[in-house]
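Please read the structure below before turning to the comments.
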């Protein structure tokens, strides 16, 4: 039986620079390009060799950092973090990088991923006297490093990493070193690059293009990269690791201009759409995608099927945290929020609506209804991924078993529930093939746990499930 | 010879509701869907039959209005405005609706467009004792209404309107009436709709979909619509008017889900792209569009040409007013701002880059350079409109003669300046045909002044030209 | 019969500098020292000889102006204004200086005082075509200047001033001149000073000490001072004027370190307290004052009576606009707001409580109750001014006839209503004598209208009465 | 030899309520009345029996808490804290109450005082694996409680308290209990009161008057008060404690309407002033005090000496964090900041200037100069306390040995340095006698360490000295 669902997760983005005189500015632009990975909070910690200076806050990168802040974030090395919006929890305490002070030196940590044994570790640590000020599982990592008996910092870090289970792409910064670590399954993307002599590390390669960096290589599962004034070196803290890269990074989470392990995201999505067109045999007038993440797949579908691609749905760009949600009575009168149908495009048409995934089914139902109200005569829903049947414990905010519509219902039942004229998913194998990775492992080294329930790591009775977020699909 | 260039223009959006108990909330969502027409300021004025209440401010709709403000904006009728960002001028005083108090009643005005005789009228009015607190040409309208000798308010308004030359879509609100007026050339879009018994008016029909309204009809050139508790009535203040709808509303300014005079914007743009594909004869590997406004044209081009459409360029969604611009030294190191090339898509490819227009040429040059640096072997620039040779005096912020690259240079010269392997524009006639309006007038009732220099209205030596804005293309 | 009560008044402070390279900074510190005269809004307009630049906003001086704003307010001359908090009205539009643009030049106006014929003038001006954007009577002045037929600016100003009735200390700034005008009764204080070669003008002399200026002289009733690059000159726009300086400036409004026409405010108040001690014959243990304005009078009383002065009441310094007012239920449980009694000082004591005035009586009643609850055995209320029986139309926010407790009730009735053991006021003559001005006019040139109903100017049926403010006493 | 000087101190205020349905609101008003004890930050943590909810932030109480926050701070018990402004350190992390989460329950701590063995304890705790996120010594207390081996929470707290050396008035809140502890020397004030059935605790009794509470008793040195649903009980964690109440709380820190151990602060100060008058034999025309803290002493001096008390110096009330400090060039031109002399009062006069203390001498020198420039013929400085010769390690921000002018210089030398015509201090014994406590201990139970160097607790080589703050006197 799967673990009880509780807690808080962190689907986020990390970025770091070592060896650049404007490291904080570079990190600002890097984080800015990773903003889609987290809008709740952002932070940067820098070192000038002597002192760690940090600034963090709730909100977008552009809200947290002002011009004059940048000049105070002095130093040749920086790490940064953008944090995913969670429903209720959070607050300033949980914004990263976390910064810890000690009489022998300071430590900053930025973490993307989710630890499945965080609660177990917390129980252990509290038994030994640790106290916690955030609800983030990242704080556990700092405690484990602190408590390790090893004498060198890198040994203490490696010792701590062996205690962690789950997904983690970690950046650590001390006065004199930056460390980069990836979990033994390599569940989250993490890449190294260079700007001249400086090293850069990022959750997604799109940040390299934005800051003018060159891609060097991906960080390997179970690898600890240590960068200091003597240069860069690589160590292993885990052997026999098997890559299990999150499929959802390809399907909907990452930015289309990023490459993950050599595969461009836009291209992968377009291929998913093409594959979908091959398995669907429906006559239709237009293909449309759900913005933004499904546009590439929809274009691929249209191209393969020879049906015109049209903008049948439009997203309002200006919906932010301060947007006033329409009241129930206004929604019932037809006031839309983020997404509107384009009547001129769908009226009187048979519409193929391509989306990347179905989670709870509520969004799909709303869009189908919207398109039909706008005059579509048929709406065929084509999903560029397999049905999501199981929750993710590694940092992607899907949902609980209870709420995952595909966990309890057949495809035909879902079709009826969302009011579509037809509903098609990709199979796991078609999805893996379309993405087109060259990895030799099972499922070409992709994690497909949320489609199959086969988790690449152990789970525990108190494993923390990504908290339910506002995003319902 | 054309008038000297100076002053301030107002490409903006207007929205109004009459007869709805939550008129301010409806207006909030309406303005929100018109946000692309102006991000500098926003305002709403309501009437409850006795008192006009206003709230306005600098910034986005979601920044200006907070939850608790809505409850204070009581009343069954509201007008609202979103204001275009201008370079230096502006400030709170220029944010609309403007609100004027008098011992016989109050008046609020919201204006989209640009008056070509504003300075002439100001000189006249100042000679008669008027004083001005804003630099907006809208203030002139209030003075003209006030000074009119007619006894009824609607006669005074009509009398004032006859004095105006240029482009104006106007909403007026008093304690007991809402008035809607469009200039005799109908240069700007303005449409009427209904929500049950309530009337709605908007610059673009996309707002109707968002607030659940039904489209009724477009406001006619030279028409004054008067709505009060006795119902709605239409009057004419100008006869013999000829429609000259701004071509740029179709080409790049309006939202793709809006219809202007029966033509859907996305469809028009896709058709412009298709037409472009017909006149271009180039072998290429991929078609890409410059986000956001050129995506529809690029898809049309790709569809017609049978060349795959790809996301070769990506726009960062989170660039707002508080974004810290990279310093020159960082830009030289390759730090990007709003737009990034997608290396995985363009590397080693012959790229057709579709854009909607070229103004100064600087943006085109930057994008071509960016694509080539990202590995494109050829970059063919295809523009879904004719060369812009003349400034607009009606509210679209293109630029001055000096700065309009097509005003001084041939197509071949421009191609060389922007570094493209080829450069193609649409002809005026192809553009008009592709958009596909059914109007019987010259150029099917489109204003093509910025392409041909043939202005639909008189101009004056002191006509105010749209101030130069940050947007350079 | 007195005019109907309606409208908005402006008890405020003005400050100006001509001929100093850091005129805006000097004005900032000047306004800061006048902050007690108005906390609702603040503004500064500067000229560098070519352009008027303005910045204004709602809130305190320190809230409106930030460090980087100061560098933008360039120029050798500035005028500034602090605005009194009004209950409901107001908003940004009413914050001064008001700034008017015209094709022949700009004009900024800052005004302290209240016009008694503002409504009459507005009716006239609206009849001639003027429109108004604020509810401030100051806007009238700009219209009158604009409409004057005279050819020179100073003649137009003088012509406009002859139209005004009531109280006004006015600063005007154009690109090339600063003008200073005082109403023919000199109802409000206004003084000239110098900093080296620069001229400074202020509502209160305390600002001279703060900015390091030397006092030169007071502006005379009916005087227009004109300062430009040719120097300073004085003109008269009214002859036969009689000084009627507001008594309340001495009694409670001005800062104790200011001098008005040669009389120091603290000294005047202390003398009012001494005089009060001479007419009161009560045995008591302690004298206490109501902070802040009555402390000087209380000390004078204690000194003269030989009774110890004690801090029987204390004011919380941190009550600002964002203070959350206690709910009714909390107030009933005893939660205090601004003022607390000092139990250790008043318990078991016979207390003489000196206050500067009684307006509605509600504050006096609250304080007497508070002192008794804190253990005072007797509370004798001694007021260092005569009973206020009539409203002020010149800018001091007292109240309406209805609400002025002394307008309807005898001293004995008031004593009973506020629960005091005795109640003493000063007579008008004692008050005038104690203040000790050397003016030869009636009441030594003081306005005593609020005590006697003898107004120094005409009044009109639609004279605007100072709006009722939060301050109830 | 005394410890090296480094670190951060916390002169602050604490307030708590147990058993009131609006505990957070009560705490808001309580903290508001303690605002003079700390303006850098404020926070409240509440419990409703199940969950601790906290809100804290940098700034004033009125800035940190908004109306809608209050409704979210649900619960029958609350603790709150206001934090003293420190020069450089600080930030959100150091704002209290600190809140710690654990799987067995949460804990909030608010602390007024300064631990002299904080660094020693940190070294110990870090050796055992603790990590720290703030630079506040308060975090140490939470770690000690966590690590205690005792089984009940109150035993763990008492165990932790025995490890602390120095000054602490502590409030602790868990889901089900509030605890109140005072160090064995009782160096800081802490009092218990009641509102009906609810218990209230505060740093100063002025808060009781503001929230309508009744004073019950002072918390005793070495006492731990435990309040929960079973009622209130008192325990001792230290025996043989001797009260050593901080003298500076009487002399300048506390609010005049507070009583500390039965002595009213205003009365104490007035008596200090009277005693000073008895030992000074100088002919003078006026007595003036330095606002705000020296006014009571100055009035006492004037009363005893029979010399008129006058407002010779005035403080600008509106100087806050956002005040723009005048540049050096403006200061040299005479622009004043917080304090101005009242020329009308001091010109041509022999002035006795009463101040509460001299720390560095810079402020005294500035005031003497200011008074002389304003025309005072003689300035005699009378200080209502003994010379401060030694730094405070218990939370009062005086300064380091280096900077304490009386540490290195004789009274005559100081007189010359500050430019006074005479300079008088009180002796320690006169000071103790004037304050008039009835305690039987040495110096009547007052701590006089800063005057004599005789510290009531042990000190350590790494004892943290209160960081130097902006306040120089």
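Letters are used for the chains, namely A, B, C and D, taken in the order the chains are written, and counting of residues starts over at 1 for each.
The definition used in the following text is that a contact is a pair of C-beta atoms (placed from the backbone, for glycine too) under 8 Å apart; a residue touches a chain by one contact, two chains touch by 3 or more.
To keep track of the chains, here are their UniProt names: A, B, C, D = Amidophosphoribosyltransferase.
Just so you know, these numbers come straight off a predicted model, no measurement behind them.
Taking each chain's centre as the mean of its C-alpha atoms, the one that lies farthest from the centre of chain D is B.
Between the Cα centres of chain B and chain C there is a gap of 48 Å. Distance between chain B and chain D, defined via averaged C-alpha coordinates, is recorded as 60 Å. Within chain D, contacts with two or more other chains are made by no residue at all.
Contact topology of the protein chains: cyclic, one closed ring where each chain has exactly two touching partners. Contact residues of chain B toward chain C in the complex are 92, 98-104, 119, 122-123, 126, 128-135, 142-143, 146-147.
Chain C meets chain D in the complex at residues 22, 25-26, 28-29, 32-33, 35-36, 60-63, 65-67, 70, 195, 206, 209-213, 255-257, 259, 264, 266-267, 270, 295-296, 299, 302-303, 308-311, 314, 316-320, 322-324, 326-327, 329-330, 333-336, 340-345, 374.
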